[in-house]
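You will see two complexes here that share subunit A, one where it goes with subunit B and one where it goes with subunit C.
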Partner chain A sequence: MKAGKTRLQKKTVPTEIHGDASTPDGIEPTESIENIEADMVVMEKVSFAYDGQCADIHNVSLSIGRGEWVTLAGANGSGKSTLIRLMNGLLRAGSGSITIGGTKLEPGAIGGIRQKVGMVFQNPDNQFIGATVEEDMAFGLEGLCLDAEEMRSRISRYASSLGISDLLHRHPQELSGGQKQRAAVAAILAMEPELIILDEASSMLDEMARRDWLSLLREMHSEGRYTLLSITHDAEEIAASERVLVMHEGKLAADLMPGELFRSEELLRMCRMVPPFRTQLALELEKRGIRPADAGLGSGTVNMDLEDERIWPFSWNM
Partner chain B sequence: MHEKLLIGRLIDTGSPVHRLDPRAKLTAMLLYAVMVVCARSWLALLCLMVFSVLMMALTRIPVRTYLKAAKPLRFLMLFILIVQCFAVKGGSVLVAVGSWHLDSAGLEAGAIAALRMVLLVSFTALLTFTTSPGQLNQGLEGMLKPLEWTGIPAERLSLMTGIALRFIPAILDEAQTILKAQASRGADLRELPWKEKARMLTALLVPVTVGAFRRAEDLTASMESRGYRIGAPRTRYRPLVWGQGESWFVAAFVLMCLVIVWIGFY
Partner chain C sequence: MAIQLEHVSYTYDARSLLRQTALQDVNLELAEGLLTGIAGSSGSGKSTLLQLLNGILLPTEGAVRVLDMTLAAGKKPPKLAPLRRRVGLVFQFPEQQLFAETLEKDLMFGPVNFGAAPEDAAARARKALKQMGLSEGLLSRHPLQLSGGQRRKAAIASVLAMDPDILVLDEPGATLDQISRMELTSLLHYLCREEGKTIIVVTHHIDELLPYADRWVIMHEGRAVFHGTRRGLVDEAERLPGCGLSIPQPIRCWRELEAAYGLQAEEPCLSPSALADRMVRLASAAAGKERVYA
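Presenting the complex of A and B:
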């Protein structure tokens, strides 16, 4: 897909629109409005500049359907973190419109939008407000004005579903990297958001913790309650997602399937990344005319655990 | 550096004192400060010491842990002792060097002042040892709330205090890491003369301050994205409840306060 093109996609009925939302190819405006209501995130011609002049985000239009798992890739400084900070009003867009879950992002609507959007940041140490995991989980819930009983029930429910019930009384600095990120996710999930944005949340994890993290994301996605938008440089995480948005110099450079990204050397160079080993191998094999059955090159919904188990069920496609 | 972290760290032993309303503990600490100011004789200090040890025992935290909290201030205490020795004259002469002489009254005044300092610092650590920063925050806000009409921004103040307490250990750990990084490049703080040491600590200040600002930015983003707004309505996960235990606890401090004042008069 060429640079600057976007795709509006619903989970159940995938529809594709090339070009900006205002100039769809053969799509009636009414359908576009329906999409806006059905989609979790709709950004139209959004621009933003930190200094008010030199655009850090330039004319970005995109849409993310409910329940989708989308990765935002791109080299450092390409504007990924800025883009997601525009989505919950941490930064205010210079121009264009942003709609989250059918609500237009305006100064008066920020409170409601932040209830819908949960954000997990890169460094877990700097996002703990409470002195214990429990207090930290309660922080967001207090802001939602829930009563103490409901808070207790949510904290115990989400702590047990993320396997951190034993850590509730611990100080954040007593936890390992993986535990910290789980606690940070638990604090966000307890607020029951619809859209979960992960800003390089797995970048400080070791290999084992990263595997746990990936299976946690898969679980969250399979529940179907959450729309996941994850910024990552991790090829495995990109491969596990359904769709990749590539940012380059503040613009949306591509919107495609993970497999398509790994095929494009130009985009990979743009993102300064290498595809996962299995994909590299599959591509090399393909060049030699051997086509593995499924090597993460097709749809984005590949179950990597299953993949690992059956490794290479080579079906020869000569 | 870790010994210095004791202030601001909760030691959870699950004692009755831990469960008390933070407002009661804050009130008790204010009364304790009054007691320390009023205790000017050995008898008053002895009573205060017995009372302090009893209260510390109630928290099930060993007394030596409390004393450790006062350890970083040992030089200040020594300074107070020396100044008093110089300033207060009277009683019998203990040591005389030329025209200068150390009097028994001076030594006594110095010892009392240093002891009062030890008592104050180590005992008030009880507050942070038994109360989590979150609760402390809430207690502080609860106590300042009635004063809001005077223009005191209770919510902001308590939030600031809470965050400061939460990040003191983190920032000190960061300072430790930078010190180690400097030591690994051959600049070991322990081996340097005093003047160099001071210069190096100044060099430490810049990265630590920058680090603190970076943390503050991240924390603000995290708080805002979780819907925090100054002045917005919030409910409490652990609402403050003032029960009989709290009343008895404060009553014990009021009583002790009266005893100390009484000893001072007679």
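Presenting the complex of A and C:
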């Protein structure tokens, strides 16, 4: 996929999503009005253990409001993916309660909840069903019992917003990693869920595609129709979100703003993250006794105490 | 030469209307004992290229020479088992390579399959696990009981356990946290320097591999549009955006520095610590000069 082309197609997204929002379909309007006040996700004292003994998720309570964009961060193996699998009943909590969009997660309610929750997993291969990208997108829509016309229009709309219109007739296995990921996301978006959970969905994207991906997330967020919960190690993606939940050894270790996370060395270590390159460089220089100006780490222009100003020809922001 | 590609093209579904050319006239020589980074936007042919290296795919045109074996288009390939023993491939989704009921069995499968004694295989499994920073407590677990990141590390360990001469990894760090990714990169660097392995890594994080890779290959639309040293990549960095890649931060920083100080002939410093060291030396040199004039 040529990046330039993708970006052009992306530009059409906001208007299209807006146009669509004015025509109520898919989600039952009465239901959303009824529950409009309720938070999208409420977890109360949730625990879970794969083997029934050592808790992989331990006593987690959290709530995520409608329209929020939340990042779930943490080291590999800290329980992030387990936590989100509890949210649509893929895993069943050992104790505690989970409410999604005002509906309590219990055996009879799982079907309804899964219609509200769209999940994009780490590995797109695990969620392809159709023999072509188009069929794959249609599969979810058939499950929602939409008529053919609506299905066609949604497929073309979301395929073009993700820049995969050319790939609709290809077999998913013929696509590259990044293309697969976009196809998987398109299939989920076409179902127009309220809560979108992204489990490292951008991890296979290349740099340029990741930037497009980030602007897609921004558009989705500003449109206000989706609640976004994203697991990611990508610093830029974390920074773009509104709130970060940090998982550590199955517990919720922090709930804070992205900026606060990047300032906390301890939390960064806990999440096994490193600061951006220029910040690292500033820290290294500091170790060698060269202090950038106060604003130094991450923002502002740096001037140096040393004679030669040209040592700092950098514009000091990422 | 560990690997040599001569006029290699690869077309998926070559005989049908749906044919897709993934590689076009690729010529590459990857020397033994070097760490080579391969970058390119999605769909540029990186993964296809890697799969040619141990005979998973056979070229539709041209010839691929790996170690002492030749895979040529239209010719019957030689026995692939010896090739695969010597070329370990870690796929884009290495967790899919796991299939045994415990992690230990999985790690031992490769060595045993290629003729190692069970005790030897078990020892290799433990060593590889340790190299990937996983605890031995995980050995008895089912692969599905591991987290995504642990699974990925385990899959890389299963290839390390085979002790191949050439290690080929397709975006091995994609779902790892940053520190794990950096640990993996320094492990690869170690295997290359200390054990003389030839390492080929496809990456989307050029910046993280820059301080370690000896050679770079940039793929774009099925062609190898750049092949050269770190210095060469720095010099030709403007070409990256045309290939769907952005110029990595370390290269930007270094280029600003070399433009200001005329360091174009130097080996670029591309890690935060190396760059900081270089800047300190520049600063003290400048300060020394001033003292002389005064």
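Quick note on the criterion: the second predicted complex is superposed on the first by the 239 of 318 C-alpha atoms of A that agree within 3 Å, B and C clash if a C-alpha of one lies under 4 Å from a C-alpha of the other, contacts with A are read in each partner's own complex, and residues count from 1 in each chain.
What we mean here is this: contacts are C-beta pairs under 8 Å (C-beta built on N, C-alpha and C of every residue); 3 or more make two chains touch, one makes a residue touch a chain.
Just so it is clear, the structure is predicted and the values come from calculations on it, not from any experiment.
Contact with neither subunit B nor subunit C is seen for A:Ala49 once the two complexes are overlaid on the shared chain. In the superposed model, A:Ala109 makes contact with neither subunit B nor subunit C. Judged by the touch definition given at the top, the superposed model places A:Asp125 against both subunit B and subunit C. By the document's definition of touching, of the two partners only subunit B reaches A:Leu146; subunit C does not.
Between subunit B and subunit C, C touches the greater number of residues of subunit A. By the touch criterion stated above, A:Ile290 is placed in contact with subunit C alone, subunit B being left untouched. The intersection of subunit A residues touching subunit B with those touching subunit C, taken from the two complexes, comprises 123, 125. Per the touch definition, subunit B reaches subunit A in the complex via residues 9-10, 12, 132-134, 163, 165-166, 169-170, 173, 214-215, 218-219, 221-229, 232-239. Put simply, subunit A touches subunit B in their complex at residues 85, 88, 90, 111, 114-115, 117-119, 121, 123, 125-132, 135, 138-148, 151-152, 169, 171, 173, 187-188, 191. Subunit A makes touch with subunit C in their complex at residues 1-3, 50-51, 75-79, 81-82, 122-123, 125, 170, 174-179, 199-200, 203-211, 233, 235, 271-274, 276-278, 280-281, 283-285, 287-288, 290, 304, 306-308, 310-311, 313-314, 318. Subunit C contributes residues 12-13, 18, 20, 40-44, 47, 92-93, 95-96, 145-150, 152-153, 171, 174-180, 182, 204, 206-207, 244-246, 249-250, 253, 256-257, 259-261, 272-273, 275-277, 279-280, 282-283, 286-287, 290 to its touches with subunit A in the complex.
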